[in-house]
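Order of writing sets the labels: A, B, C, D, E, F, G and H. Residues in every chain begin at 1.
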Amino acid sequence: VTIRPDPGRERRKGAPEVVFGETKETAQVIAMAQALLAGSGRAIISRMRSETKEALLDVFRDYTIRLREAARAMVISRPDFVRPDTGGHVGIITAGTSDVPVAEEAALVAEEMGCRVTCIYDVGVAGLHRLVGPLRDLLSNDVDAIVVAAGMDGALPSVVAGLVPVPVIGLPTSVGYGLGGKGMAALLSMLQTCAPGLAVVNIDNGIGAGVTAALIANRVAQARKHPLR
Amino acid sequence: VTIRPDPGRERRKGAPEVVFGETKETAQVIAMAQALLAGSGRAIISRMRSETKEALLDVFRDYTIRLREAARAMVISRPDFVRPDTGGHVGIITAGTSDVPVAEEAALVAEEMGCRVTCIYDVGVAGLHRLVGPLRDLLSNDVDAIVVAAGMDGALPSVVAGLVPVPVIGLPTSVGYGLGGKGMAALLSMLQTCAPGLAVVNIDNGIGAGVTAALIANRVAQARKHPLR
Amino acid sequence: VTIRPDPGRERRKGAPEVVFGETKETAQVIAMAQALLAGSGRAIISRMRSETKEALLDVFRDYTIRLREAARAMVISRPDFVRPDTGGHVGIITAGTSDVPVAEEAALVAEEMGCRVTCIYDVGVAGLHRLVGPLRDLLSNDVDAIVVAAGMDGALPSVVAGLVPVPVIGLPTSVGYGLGGKGMAALLSMLQTCAPGLAVVNIDNGIGAGVTAALIANRVAQARKHPLR
Amino acid sequence: VTIRPDPGRERRKGAPEVVFGETKETAQVIAMAQALLAGSGRAIISRMRSETKEALLDVFRDYTIRLREAARAMVISRPDFVRPDTGGHVGIITAGTSDVPVAEEAALVAEEMGCRVTCIYDVGVAGLHRLVGPLRDLLSNDVDAIVVAAGMDGALPSVVAGLVPVPVIGLPTSVGYGLGGKGMAALLSMLQTCAPGLAVVNIDNGIGAGVTAALIANRVAQARKHPLR
Amino acid sequence: VTIRPDPGRERRKGAPEVVFGETKETAQVIAMAQALLAGSGRAIISRMRSETKEALLDVFRDYTIRLREAARAMVISRPDFVRPDTGGHVGIITAGTSDVPVAEEAALVAEEMGCRVTCIYDVGVAGLHRLVGPLRDLLSNDVDAIVVAAGMDGALPSVVAGLVPVPVIGLPTSVGYGLGGKGMAALLSMLQTCAPGLAVVNIDNGIGAGVTAALIANRVAQARKHPLR
Amino acid sequence: VTIRPDPGRERRKGAPEVVFGETKETAQVIAMAQALLAGSGRAIISRMRSETKEALLDVFRDYTIRLREAARAMVISRPDFVRPDTGGHVGIITAGTSDVPVAEEAALVAEEMGCRVTCIYDVGVAGLHRLVGPLRDLLSNDVDAIVVAAGMDGALPSVVAGLVPVPVIGLPTSVGYGLGGKGMAALLSMLQTCAPGLAVVNIDNGIGAGVTAALIANRVAQARKHPLR
Amino acid sequence: VTIRPDPGRERRKGAPEVVFGETKETAQVIAMAQALLAGSGRAIISRMRSETKEALLDVFRDYTIRLREAARAMVISRPDFVRPDTGGHVGIITAGTSDVPVAEEAALVAEEMGCRVTCIYDVGVAGLHRLVGPLRDLLSNDVDAIVVAAGMDGALPSVVAGLVPVPVIGLPTSVGYGLGGKGMAALLSMLQTCAPGLAVVNIDNGIGAGVTAALIANRVAQARKHPLR
Amino acid sequence: VTIRPDPGRERRKGAPEVVFGETKETAQVIAMAQALLAGSGRAIISRMRSETKEALLDVFRDYTIRLREAARAMVISRPDFVRPDTGGHVGIITAGTSDVPVAEEAALVAEEMGCRVTCIYDVGVAGLHRLVGPLRDLLSNDVDAIVVAAGMDGALPSVVAGLVPVPVIGLPTSVGYGLGGKGMAALLSMLQTCAPGLAVVNIDNGIGAGVTAALIANRVAQARKHPLR
């Protein structure tokens, strides 16, 4: 099967390709990584199966490797590749610990897009008092966009969006069983939010949430550098 | 069509019959009300259409009438009927103003079952600070069970259930449009709650929520009167 | 990944944290158990995978262990931990034998919250005559709340709620195949109940049903001890 | 638009055509009735809108008319038409009064197919004791098939099918609101029945239930007349 | 876990208990089989896992065993058990070969209820001409009820019900992928049938279809023996 | 609101724009018709509300009008407009009379695209014998594509596709109530067809079915004229 | 019913309250408008019914009124109210004309939040060439965020997000009938987008899309003014 | 289990039987292949499990084998079998690489029906410019029908159908996770297409898409050979 990498995409969009590893065979992932490395000097792979991970570590042993275990993600870069540093600042919050793998996907891609990323994990919903402090810190550090990941009842993004004057990206996770389980209630609840200014991505789409937040943050950062353009 | 009232039900269950008026013809509602008045001295009608309301006011003009406009509900009682006073205390909270009609159904039936009912309406979710004071008051007045009505994202019942040591009944309301609208997201979100001790009834089922809360409150009230039974 | 136990929760809510073992790695469960033991002297784990169970038995061999095999649940307590005895009484009924594992979750958590628990399993629906005797016994022993677990058509909770003057918690179980299978028909049927005073939790949520019933029972028990408070 | 009546159908199937009036214009219904009268001497119309009813009464004033108001159904027959009398016996039971219109459709078509029909309406579920007597009567009168109509939780058909040694047709009705409303929970619950020997038709399909029951009853009746054929 | 067999059921209903083996452990199945053998002299097990089958063959090696491989079903009977022979006749038709396992469940239980069973498998839909001959044979052999099993588009039961003057039980099977797959389109299509006199059971519920058809057939057979009762 | 007609579309696609009248205000429809008349000399409007129809008849009284009442559709053309005649031949079949309005939409647009259209309405499913003759006629007249419209169980398109060596377009119609009603079962059933070579359009999308069939027929017709191109 | 306006919300969130008029009685809307005018000097009402519109025009005749007919929206402001001008720039694109009312809601609220708004309506999908020019203009005018509204197949937001380096908010509209109609396919398609950096709001939630886009734009605008903060 | 091959089908329909291997046992597949080889000289098997593939290669080692690995499909033919060459031309396009296996099914069956097949894989949606060239080539080579396979948002078929004057068959693939995943959004989006002349088959039904396209192409090819028939 021929692979047609789209080298113009990153330039056009300001967002890198990410290889979705879960349903690909190891050989396919390696070929795609090679194509991306040839094109942009960097390849990002998400949801690697463990045998794929081992193979990549072996094949690309002369490259710089950044592993993000929880997200089953890896960044391979040519030794001379310099990751951008835009000055954008993205916050990533999770309701529980089960939401962390998906949140880590968002963190990884936002970092690769040049943002500073601050993660606050497992703030709970039952104990909202635990949320207030860290949120205040984020805001006083000029966070530009916040991703909030939650499964089950998906209430946290609405609560955060009701408190902060910053765009919030709701990231539902496939946590929960029974009716509304696997992220369904979380997604619906975010779509039905009473809070203004909450936009959402699909269940478990950490990459989408991270890219959106980083696009926002990078645009703000650019404006900081180029005032009154 | 013959009507078979079940006079033993109130005695057996401790909860009165409630006539669901929305899909019944006026003549049917009148016949049912007469049967219930003959049996227990009281008839409760919910979701009356306005022509039914007028007809009932006319037909039962010699009876004691209690109207609850927002819920489109009416209680008709024989002049000699004495409503019980159990000493149970039920709290009823709504997220928004659109949830009030359904909450009023719950309030009405809990009162008819002999409970004291305290209503706190439109506390919002975005401004949770507005919730804290009234909730503290409820608890310090020994509330026995709390009904929390919410539509759209349905987040409020989970928030309340995470804060209070009292059984909470989640009452989703058919508020909201789009995916998860008409109470669907609210119901799913309550079923997926992260908070322990939240049980739910169906969308817009104010009667069911009120009866459940009153059954709890009455049982507690009875225990207060008959210690160490 | 950092874990943020919420030690205040049990005090605030009167209900203990329960670790959901199914999707957690053994190391995560052990860390959470240690945090909970440090906080409250007790850790409850539900839906353990078998390797996790073995590891816990090994790691916490100096602690008091209570195993509930059918529910794949375990309670680990410090030798000096004294479980409360509130005097509350919870009844737990199942329609079939397949509903037992979920019912056992409810029983376990209600016991850990200090309640006496009476279980009546596999009463069937086809042979309702088999239900009458045990139900009468429950009522004459002052049961404060009843959990009724059922899969497939989910008819039993409605039948019970139509007979007893006690709050009933419907607990749908993921039993059944085809349309409405995996507990869907059971849940919908309970939400659509004709019986007043039936509230429900999500499919297979034994913990939620048990906590709700125990909150009710404990509140009644407290009232028995503190009359006319 | 040309209409193609299928005159052979009744002979082939032993069941008459029934015109579904709800979505048809009056002129269409009249034309269909005329075609059926020409073919078999009888036309059955269900779910007539009221203006259609008036028009039919007028147009066919020289025919024998049988009106079934609750079902919004009408049977028009040539004066010389002789309805068959097969000796089959069909029982029709409803859970509530709201189920009656659909049950009446079943009754009507079973009668037109030559059966004796016994109706028992509004037996409730909460008070199953009210069911036992009438059911015993039915059985001792050699009922050949029983249709049980129920909306909301749809529990009654399962209960009946668990008690009687006769084929039971479950007939869900579009009663109930919220999740599982409009007959959905009732249908799913019947499909998930724990009772053996319960088959179902679609929500509100009284005609289908009546035809099935009458086919069974007529076959039994025929066997009574032609033993050891 | 205690098992409560319901010995009165077969007498009450005229249909035997069938153990659903798929989700039960071998030890549970053996215990249930022993209870049923003690009660009625026969135990029917459906959907056995293969290790359960081996164990049953071993444990009950002194009993009479009837295996139905395709249905993964087994009948164990005490050597002295005499299966009834009612004279009822049930026809079972499948659209394809994938529907056969479920059809075999229906055949097995109808036979155990004393019926003669005629199976016609894989008649297709595209080639309806292949259906006509066998159907004519069935009818001329006085079949009392016909089960028609179909997956995918589920069209066959409607076609058959449009042709024969005998009650037809539609049995959707979980065949097909994509939207409407796993029997969903088949079930919906049967519920929406244009043919009168088609009743359905749930997806893959061969037992339910077989019991219903046998109840009908046995009732007819009994009438043949007891004319003008 | 500015309207941007896409004049190049008809040339590019070989299919005309069709205005969907149901949700548009009369003024909007008139403006669109004027734009289309200016562009291509013809405007096609489907699903007109009756007040819109009257207004169009008035405003365009100097134009050639073709009304298709059943489809609530109208074709307005400049007096000098010459409709193409391609030589393509499209067959359109309906299962019942309720499917006719949608079938007429398909017929209209195929005719406007230059095809000869043969309609066969209300062939039923129960009496498939009624289908055979007309189908044979169609085939012997070199029909190039067949649209089959059906609601309820949607079985007819599969039956036709199993018999003819011509591409078949399944057109589900929103006929039927209860589960799978409003065309859902019909659509799913067509998607799950056992017959090869059946493609479908959405429920009630007569325009889509007609355009697809006409595109096929016109391509065949063109090949007839330009052999061995 | 008491109304509890949340005056702090606009300050806290940077987004104004918007009254949802569709399900409110005129008296309720007037009361809410008065409360908001008292608090912030401005009241925004969306989805007014026409009688409400007339009443508002009358009651608030001494105020400044801004009507947005297509969106059925109105802004009432105290004569001395000065709308902010932030310098943010929001683009709003629709696929068709039916998407305009919802797009206008987004435009209105973004303007009220101080943004410059550029609208490009009815760009179609079939003629993507019509999209390219206007999109290039938007980008060269430093647009900060783009809302793309689309119903039916919802393909346009993905296409736009694949082309521009700016955050895109997908706004599905309830346009379309049949399966996936009323915006469902549009929403799902946006959630499943292949394009990175597309976040969505619920079907028809123009307010939510506009607030999110304006929050982004205002943050960028602020950075332009306060470089290197 | 008896197998009833339908030898007349290929002659009647112009489309060969294809054995669906996924759910069949190896022995069943071999028996079916033998029956088809005996009948028509060729057997096509799709979705073979790998053990089945090995067995077929062994059993039919004296036959001509054509393997299509990506589709897990195989064609076995008698050495003397001559595949038809009709002159029809089918184009097959995929959005991504994950859609290739299903596209290959379509290609295989179209080739076996005698068509020339041109495949264009992984054209993407984000970079539509990559689509234009190959599409122009297809059209200038007189392609008769085009299959477009896409998962996730399913936007590509609508885009193609908006550009070409040839019938397009949309083939949704089960690619994508979260809400609308597994091909659901893709299918709905195609059903809701804004482009005229797009018909669809079910998710992953490559065979159905290929047969439909080949039926169209073969009909056109036949007309090319037999002009003005």
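Following the convention adopted for this analysis, a residue touches a chain if its C-beta (ideal position, glycine included) is under 8 Å from a C-beta of that chain, and two chains touch if they have at least 3 such contacts.
Computed from a prediction, not measured in an experiment: that's the story for all the values here.
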Sort out for me whether F-G or A-B is joined by the greater number of C-beta contact pairs.
A-B
Where in A-G, B-G or G-H does the D-F interface recur, with over half of the contact pairs identical by residue number?
B-G
Averaging only over C-alpha atoms, locate the centres of subunit A and subunit F and give their separation in whole Å.
47
Express in whole angstrom the distance between the two chain centres, defined as the mean CA positions of subunit E and subunit F.
44
CA centre of subunit E versus CA centre of subunit G: separation in Å?
59
Euclidean distance of C-alpha centroids - subunit C vs subunit H, Å
52
Which residues of subunit C are in contact with two or more other chains?
13, 124, 126-127, 162-163, 178-181, 184, 187, 191-193, 195, 202, 205
Which chains touch which?
A-B, A-C, A-G, A-H, B-C, B-D, B-G, C-D, C-E, D-E, D-F, E-F, E-H, F-G, F-H, G-H
Touching subunit F in the complex: which residues of subunit H?
12-15, 18, 142, 144-145, 162-167, 169, 191-193, 195-202, 205, 207-209, 211-212, 215-216, 219-221, 223-229
For the complex, which residues does subunit B have touching subunit G?
70, 97-98, 100, 121-124, 126-127, 130, 175, 177-181
Within the complex, subunit A is touched by subunit C residues 1-4, 6, 8-9, 13, 23-24, 28, 172, 174, 183-184, 187, 202-205
Given the complex, residues on subunit D that touch subunit C span 95-96, 124-128, 152-155, 158-159, 162-163, 176, 178-181, 184-195
